[in-house]
Amino acid sequence: MAETYNPRRTAVLLVDPYNDFISEGGKAWPRLEPVAKEVGLLDNLRSVVTSARQGGVRVMFVPHRRWEPGDYETWAYPNPTQQSIRTRHSFARGTWGGEFHPDFQPQAEDIVIHEHWAQSGFTNTDLDLQLKQHGISHVVAVGVLANTCVESTSRIAMELGYHVTLVRDATAAYLPEMMHAAHELNGPTFAHSIVTTAEVVAAFEEARSGAA
Amino acid sequence: MAETYNPRRTAVLLVDPYNDFISEGGKAWPRLEPVAKEVGLLDNLRSVVTSARQGGVRVMFVPHRRWEPGDYETWAYPNPTQQSIRTRHSFARGTWGGEFHPDFQPQAEDIVIHEHWAQSGFTNTDLDLQLKQHGISHVVAVGVLANTCVESTSRIAMELGYHVTLVRDATAAYLPEMMHAAHELNGPTFAHSIVTTAEVVAAFEEARSGAA
Amino acid sequence: MAETYNPRRTAVLLVDPYNDFISEGGKAWPRLEPVAKEVGLLDNLRSVVTSARQGGVRVMFVPHRRWEPGDYETWAYPNPTQQSIRTRHSFARGTWGGEFHPDFQPQAEDIVIHEHWAQSGFTNTDLDLQLKQHGISHVVAVGVLANTCVESTSRIAMELGYHVTLVRDATAAYLPEMMHAAHELNGPTFAHSIVTTAEVVAAFEEARSGAA
Amino acid sequence: MAETYNPRRTAVLLVDPYNDFISEGGKAWPRLEPVAKEVGLLDNLRSVVTSARQGGVRVMFVPHRRWEPGDYETWAYPNPTQQSIRTRHSFARGTWGGEFHPDFQPQAEDIVIHEHWAQSGFTNTDLDLQLKQHGISHVVAVGVLANTCVESTSRIAMELGYHVTLVRDATAAYLPEMMHAAHELNGPTFAHSIVTTAEVVAAFEEARSGAA
């Protein structure tokens, strides 16, 4: 089902586009690579972001906490992923792995949200505030991982009253069955729309013409 | 891995134990029945709740919005489940389907949380406040559905800083692969512990002896 | 400074219009009466609510927790007001004091928000969700008390990204200096507009004509 | 009334100790200086922070957004203070005014919370999460301003279930009547304890001995 988007009320949420996740040589890239290549993740992310900017749809970066020395050391209950980050130093601040992929650098019109500590880009951050202050009612969540940060951010977006679109080939996960869970099992219970990159790009181009 | 629980700092979150979900004749029971029977849902819920109360672990009811006429009619973006509820009138207030299963009635020491509109028992409710006011740091989430309300409540519990336990046979879902997604694919990324009813009951009994 | 309001994006937040607060014979009325009568509270609340409904501005009831037996008994840190309510049983559920004043009864188009436990109508409730689902960006906070529930609700409304209007004579407090604090000392730091009932009624009538 | 504090469950929230606020030459210092000097703000802040650290009470920095070019320019509803900051560039990032006062520099054990955009150190930040992950139930709010950021942070702390202490001479405001409003009119409705620096320092020293 085709969605239409009012560009002034829509934002792309670009989740965790770190080198450690989506660049050759990144710490998590080997685990992500099979699914990422199968769906065409990088090309599709480029298409979504480019067509969003051309259509006047605001792009918001939703970045994970960049690891720093001391992180989680004094916490009572770090989650399994955070415990792993303590060892692996994923997205370490000041390192290449903790930089955004070169093709996904914030532009002047973009908003960079405060770093999230766990999976949800909303919880403990200013994402809801920035969406409200920019008049956004519709969010299109892309980036990684499909079943963790993208899914938790999208689940909460729905809880908070936003219209939520998932893009099944502008995200990736460690296993194909995680993609299946995100888009066939769980997504249909909370997302208002689950589309392909081609569909969302077409909708953004339509929005652009409509606005012209 | 065995967890230990301090009963004064632990709560069982009993999610949506409505007749419409878990009783013969309930609107959603036919879809839930195969998995529920396979895991022994009802017996296990009874065991968890009984052992919690005996061990001094507080039980909190985390109920979904009971449908009322007018619900979602004026909302901009009801989610797919809410759109379905508009037609099916699940958990309708004042009907048998919207009552808690007879074996899961709030007792004097229990807390009944405000009804949640979507999947997360935390968002738009007083659950976090009630947990704090009762000194709770550890939550054990049981009830239904494994991949929707139980999962969203548990994901957010972790986001908010709680220690989260899932109980793989004290919950159910519409499909076995949804159970697999909840406990094998997604749960391990956010939950601190994923156990069986037998394990959590043993832990609660141990807590009870320890407290004695 | 005159504000203009788009009626489809504006809501009146009617805070705690309980008999115990604003009706002769209410438990807190004797403390509130001097300021309430000086500003013309009841007449002004009627004017704001009536003009809102006529102008297509949605009215949302933002009610305090109605006291029930057991409330706060097991809480670790009830606040001073909650400790007092434990003794005085303010707004007791099932009593006249816990009913809304007869002139402020929810109508079909109104929304009744979940009860708040403390001062903020947002925290631990579904107010933010209901505002989003109804497309609201502007809130006009009226009711009682000016420096507690109305002020906390308004402070948080601003924190969450809403445009906030205070109405200086459609609220009341126990002391004139509390009104002064709310509208001259604190309000100007967080509210976008601080007006009189006459001004907000004029703005709502203008909105009505504009919409016609 | 004397409070006692368990140092492992208590945190000092040090709100906005920027040069622009509390140092000679700071942009807002001239407005703050009369009250600050009357209450002995700087000496008292030093006493609270020092005694906290010595007593094993964790110090959390709760900093306002440091102004950057572009801030608030695209926002729909910046509040009056934010509109003023757009012009005055208070706490500008990379300037002396946006640095913490030299006597209030984060130490290894301290936690620096994400910057807040408005008044509440909780809303849109990770403060609640950090408190939970460090097992904190009691917060002692000091810093500036008494009736804006300190008050909003404290009001929300109470809403979220924390025990809240205000320290009447370890804060300041632009006018004496704002101090009066914060501590005599509003504070008593939400704070669990309102004390002096001497009292809180004594309590922290007692906690230290108790812990020894």
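Each chain carries a letter (A, B, C and D) given by its place in the written order, and its residues are counted from 1.
As a convention for this text, contacts are C-beta pairs under 8 Å (C-beta built on N, C-alpha and C of every residue); 3 or more make two chains touch, one makes a residue touch a chain.
Labels paired with UniProt names: A, B, C, D = Isochorismatase.
All values derive from a computational prediction rather than experimental measurement.
Legend: contact pairs of A-C compared by residue number with B-C, B-D or A-D; the interface matching in over half of them is B-D. Looking at which positions face the partner, chain B and chain C present mostly the same ones, since more than half of the interface numbers are shared.
Chain C has its Cα centroid 34 Å from the Cα centroid of chain B. Centre-to-centre spacing of chain A and chain B amounts to 28 Å, using the average Cα coordinate of each chain. For chain B, the set of residues touching two or more other chains reads 76-77, 117, 123-124, 128-129, 132-133, 135, 137, 159-162. Interface residues of chain A facing chain B in the complex, by the touch rule stated above, are 76-77, 79-81, 117-120, 123-124, 137, 147-148, 151-152, 155-156, 158-164, 175, 177-178, 180-181, 185-186, 188-192.
Those residues of chain D lying in contact with chain A across their complex are 74-78, 114-115, 117, 123-126, 128-129, 132-135. Residues 128-129, 131-133, 135, 137, 159-162 of chain C touch chain A in their complex.
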